[in-house]
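Common to both upcoming complexes is subunit A, partnered first by subunit B, then by subunit C.
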Partner chain A sequence: MNNIFALAGVVIKELYRRKDFYVLFVMTAVVSLLLGSVRFFNDDKIVRFIKAACLLLIWISTLVIAITTAARQIPAERESRTIFPLLAKPVSRWELIAGKFFGCWLACGITLVVFYLFFGLLTSSYEHHWPVATFFQGIWMHWVFLAIVIALVLLGSVVFTAQSSNATISFIVVVGILFAGRHLHYVGLGMNGFGGEIVTAVYYAIPHLEWYDMRDLVIHDWAQIDWIYIAGATLYGALYTGLLLGLTWMVFRRKTLTL
Partner chain B sequence: MTRLLLSLVFAACFTLATVLDSRIHDLQAQNDDSTGVMAALLGDSRRLFANQLFVEADVYFHSGYYPTMFDKKETDIDVKGEPEGDQKGKEAQKADVEESFLGPPQDWIERFGRHFFPTVHTHLDDERSREVLPWLRMAADMDPHQIETYVTASYWLRRTLNQPDEAEQFLREGLRANPDSFEILLELGYVDDFNRHDPKDARQLFALALRKWEKQDAAGLKPAPKARGEILDGLVRADREQNDFKQMLLDLEALKAVAPHPEAIEQDIQETRGKLAAPGGAPPGK
Partner chain C sequence: MATAYILWVTMVLEIKDLRVEFPSRELGERTKLAVDGLNLQVRPGEVFGFLGPNGAGKTTTMNVLLGFVNATSGAASIFGVDVRQPIARQRIGYLPEMTYYYKFLNTEELLRFYARIFRIPSPERERRIDAVLQLVELESARKRLIKTYSKGMQQRVGLAQALINDPDLLILDEPTSGLDPLGRMKVREIIQRLKEQGKTVFFSSHELGEVETVCDRVAILHEGRLRVEGRVSDLVQEYQCNLEQIFLKIIGHLAPA
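Moving on, here comes the complex of A and B:
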C-alpha cells in the first residue's frame, strides 16, 4: 500500500509542477469573469448563462487534465526508462497501475476543488446563496466520472503505442458517450437486423458517463438528488473503474517492456 | 542574406496590410449584417447557429427539460408545464414523465439515469424569465434576419420584466435589419400602447405595420392572416383610447372581415355607431 501512495504522491507533484492546470484554470477564470461582466439588456441579475459557461469550461478543463495526465504516465516512464528501476524495486505491476491511477485521481480531485471553489464564489456573488448539497453532489459525481475516465485512459496507454492516439481516442469516446450514451438503445431500436443488436449491446456495455453530468441540475437550481442514487452511481463507477484497471493490469503484466 | 530576406518579407506584409485593410473595411461596410465580433469571427456561417441559440432560450425557459434530437416528439404534457417551484408530488411527476417526450423507461439504465437530469416540465416564473435573454441576444447577433428573436425578447422585456426601453431598443435594432417586418412594428406598437400608454404613437406604428402586411400580401409573400387580425385589433384599441370613434368604426369593419368570431365585433360596431349617433358622442374634429 505504501508503494501505491508513494507513486500517487509523485503524480500529484507532477500536476503542480506542470503548467497545464494553471493555464486551464486561468483561462476558465478569465473567460467566466469576462462573460460575467457582459450585461444583456442592462440586466445584472442574469446568472444561469454564466453558470452554464463556467461549468462547461470546468468540464472541458478537467477532462483535458485527466486525459493528458493519465495518458502520459506509463509511456513517459517507459521513454525515460525509469520504469525498469521502478519495477526492479519491490513494486509489482499491479501496484504501479494502482499508484498511477490514485495519483491521477487525487490530482484531479484537487483541481476539481479549486475549480468548483471558483465556480461557487462566482455564482454566489450573483445569487447570494450557495446550495451546498447540490454543489457537493455535482463535485462528487464529477470526480467519480473522472475516475472512470482515468481508468479508461490508463487501459488505452497499455494498448495503444502512441500517447497522442490514446488521448485523442479517449477524448472522442468520452465525449461520444456523454453526447449519445443515453440514447444508444433508441438508435438500436430504430435500426434493423444485426446492426441494431450490436448498437444495443454497445449501449449495455459502455460505462454510462452521462449519469455523472449533473450540470443541468446545478445550473437551473433543481433540488438535490436522493443520496441513494448518488450512492448507486458511485458503486457503478467504482465497479467500472475496477474492471478497467483489472483489464489494464491483465494487458500490462503480459507486456514485454523493451525499448 | 536570411536577415535581408526576412526584412523584405516583413516589409511586404506591412505594405499589403496597409492596402488590404481599408478595402476589407469598405467591403464590411457594404454589408449590414457584418457588425459585431461574431460576424467577424464566423462570417455568414453564424446563421447556422442562430436557430440553435433560439432553441437554447427555450431550454432555459424549461429549466433544462427539453427533448434532444434523439427523443420522441413533444406531447400535451410537454407543452403545458408548471411554474418553477410549484411542482407536483412524486407520483404525479412520475406519471407525467411517462406521458412526456421521454416516455416510459426502456431498461434499468434509463430508469436510473433519469435521476440525474431534469425530467419535470416547468416554466420559469416572471422574475427568472430574464435567464432566456442572453440566448436571444446572441441569436440576434448570429442572424439579424430572424424576426422571431426580436419579438420573443421584446415579449419578455416588456411584459414580465417591465423594461420597455430595452425592448424598444432591441426592436429598433431588429427593424434596421428588417425594415419590412410588420411583426416588429406590431411589437413596437405594443410597447407604446401597453407600457408607455401612448395610443397616438402606437396607432402610427400599427398603421405602418398594416401597410407592411398588405405590401407583403400584394407581393404574394403570404404573411400570416392572424397577424393582420392582431394589427387591426391594436388599431381598434388605440382608436378607442383616443376616442376616435369614426376611425374606430372603419378599423372594426376591417377587423370583422378577418376575426374568428365576427359576431362579437359586430356588437362592438353597433355600440360604436350608437356613440357616434348620440349628441356630442364624437369629440369635435374626430
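Moving on, here comes the complex of A and C:
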C-alpha cells in the first residue's frame, strides 16, 4: 500500500498545481455560491429549480475533472517518459494503476466535499435546516459513481492511444449510461428474438451509473434512503471498479514500454 | 558473514540466452530481432561497459533488465531475482539517457517520492536526500521546480534519484550524453567513487575513451548479438589497439590488422 499511497500523493500534487483544474474548480464554486444564495420570493419551485441547476453543474464539473484527470495519467507518464525512472524502481504495474486510481479518486472526493459544502451551507442557511444524512448519502453515492468512472477511464487510457479520444469516448459512454441505462431493459423486452437478448445482456453487463444519481433526494429534501441500499450500491460500485481496474492491469501488465 | 558470502558468490546481473523480438513495421516481415541469444554476467564491484553502435540492442537489453520490455525467450536476473519481479529493482539505481522527471515537483519532493517507493524510513530518507543533493551539488536549488532547471541540472537530478536508495547496482544509459566537459568529469568522478565503495556499475556509452578509463570489463554488441566480452586490458593486449579501434573492427568498419 506504501507505493500506492506515494503514487496517489503525486497525482493529487499534480492536480493542485495545474491551472486548468483551478479554473474549473473556482468557476463551479463561484456559480454554486451564487446559485445557492438566490431565493426568488420564497417560491419553492424556483428554489428547487436553482438547486437542481446547481447540482447539475456540480455533477458536470466533477465528471469533467474525473475524466480529464484519469484520462491523462498513464498516457502522460508515457509521453513525458516519467514512467521509465518510476518503473525502474520496485513498483509493480498493478501498484501504478492502483496509485493512479486512488490519486484521482481522492482528488475527486476532496473536490466533491468542497462543492457540496458550499452548496449545503448556503441552501441550509436559507431553508433553516441541515439535512446532514441526506447530503452525506448524496456525496457518498456521487463519490462511488466517480470511482467507477475513473476506473473506466483508466481502462480506456491503456487501450486508446490518444488521451483526447479516450476522454471523449468515456464521456459519451458515461452520459449514455446515465441517460439510457435504465431504459435498456424495457427496450430489450420490447424487441423480439436475438436483438432483444443482446440489448438485455447489455443492460445486465453495463454498470448502472444512474443508480448513483441522488440529486432528487437533495433537491426535494426527501427522506434518506435505507442504509442497506446504500451499502448494496457501494458493493456493486466496488465490484465494477475492481473489475475495470483488473482489466486495466491485464492490458497494461504485458505492454512493452520502449524508450 | 553468511550475507557477505552470498553477495560474493551471486552474480549481480545475469542474462541467459536472451532473445527479444518486436513486431516488425516493415512489409513482409512479421518480427524484428532486437537481441539474439545474449549471455552476460556482471560480478559484484565491477564497472561494466555495455557497448555497441546505435540499434545494436543495448537499450533493449537494459529495458528487459528494468522490466519495461518482456523477453521473447531466455532469462535475466538481478541479484539472483528474476527481473520480472519488481523486488529485483530494490537494490538498483537507474539513470536514463535523457531526463524524464515530474516537472511539477521540485527536486526535494521528487527525491522524497522515490525514497518512499524504496521504503526508506523517514529520518533516513531526509538524510539521504541531503547527501545526494550535496553529491550532485543541487542543495541550493532543491526547492525549485524541475521545469525551471537547465539540462545539466536536470541530468544531475537524474543522478540524485539514481543514488537515493544507495544502490548496489547502478544502471546508466549513456550517462554523459549531452553533458558539457565539466558534467562528464563529474559523472566519471561519481562512477569512480561508487567503484571505490564496492558498488557495481553497468553502463552503456558511446564515449569509448571514457569507457576505457573507468571500466573493468566491456561487452560489445552488434546487430543484437554479443561479439566480444572481456577485461579492457586483455582486449587491448589481444587486439593490439585501443578500445575505439577494437570497437570499429568488431562492427566491421575497420579491417583487422
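Throughout what follows, the second predicted complex is superposed on the first by the 238 of 259 C-alpha atoms of A that agree within 3 Å, B and C clash if a C-alpha of one lies under 4 Å from a C-alpha of the other, contacts with A are read in each partner's own complex, and residues count from 1 in each chain.
As a convention for this text, a residue touches a chain if its C-beta (ideal position, glycine included) is under 8 Å from a C-beta of that chain, and two chains touch if they have at least 3 such contacts.
Bear in mind that the values here come from a model prediction, so they are computed numbers and not experimental data.
Of the two partner chains, subunit C is the only one that A:P90 touches; subunit B does not reach it. Look at A:E210: by the touch rule set out above, it reaches subunit B but stays clear of subunit C.
Contact with neither subunit B nor subunit C is seen for A:V31 once the two complexes are overlaid on the shared chain.
Touch criterion not met for A:V159: it reaches neither subunit B nor subunit C. By the touch criterion defined above, A:G232 lies against subunit B but remains apart from subunit C after alignment on the C-alpha atoms of chain A. By the document's definition of touching, neither partner reaches A:L243: not subunit B, not subunit C.
In the superposition on chain A, A:R48 makes contact with subunit B only, not with subunit C. Within the complex formed with subunit C, the subunit A residues making contact are 2-3, 6, 9-10, 13-14, 17-18, 80-92, 95, 254, 256-259. Residues 38, 40-43, 45-49, 141, 180, 182-183, 185-187, 189, 203-204, 208, 210-214, 216-217, 219-222, 225-226, 229, 232-233 of subunit A are the ones touching subunit B in the complex. For subunit B in complex with subunit A, the touching residues are 60, 63-64, 68, 70-71, 106-107, 109-110, 112-113, 115-118, 130-131, 133-135, 137, 153, 157, 161, 163, 166, 170. Looking at the complex, you find that subunit C touches subunit A at residues 22, 59-60, 63, 66-70, 86-90, 92, 94, 96-98, 100-105, 109, 113-114, 116-119, 158, 161, 165, 171, 173.
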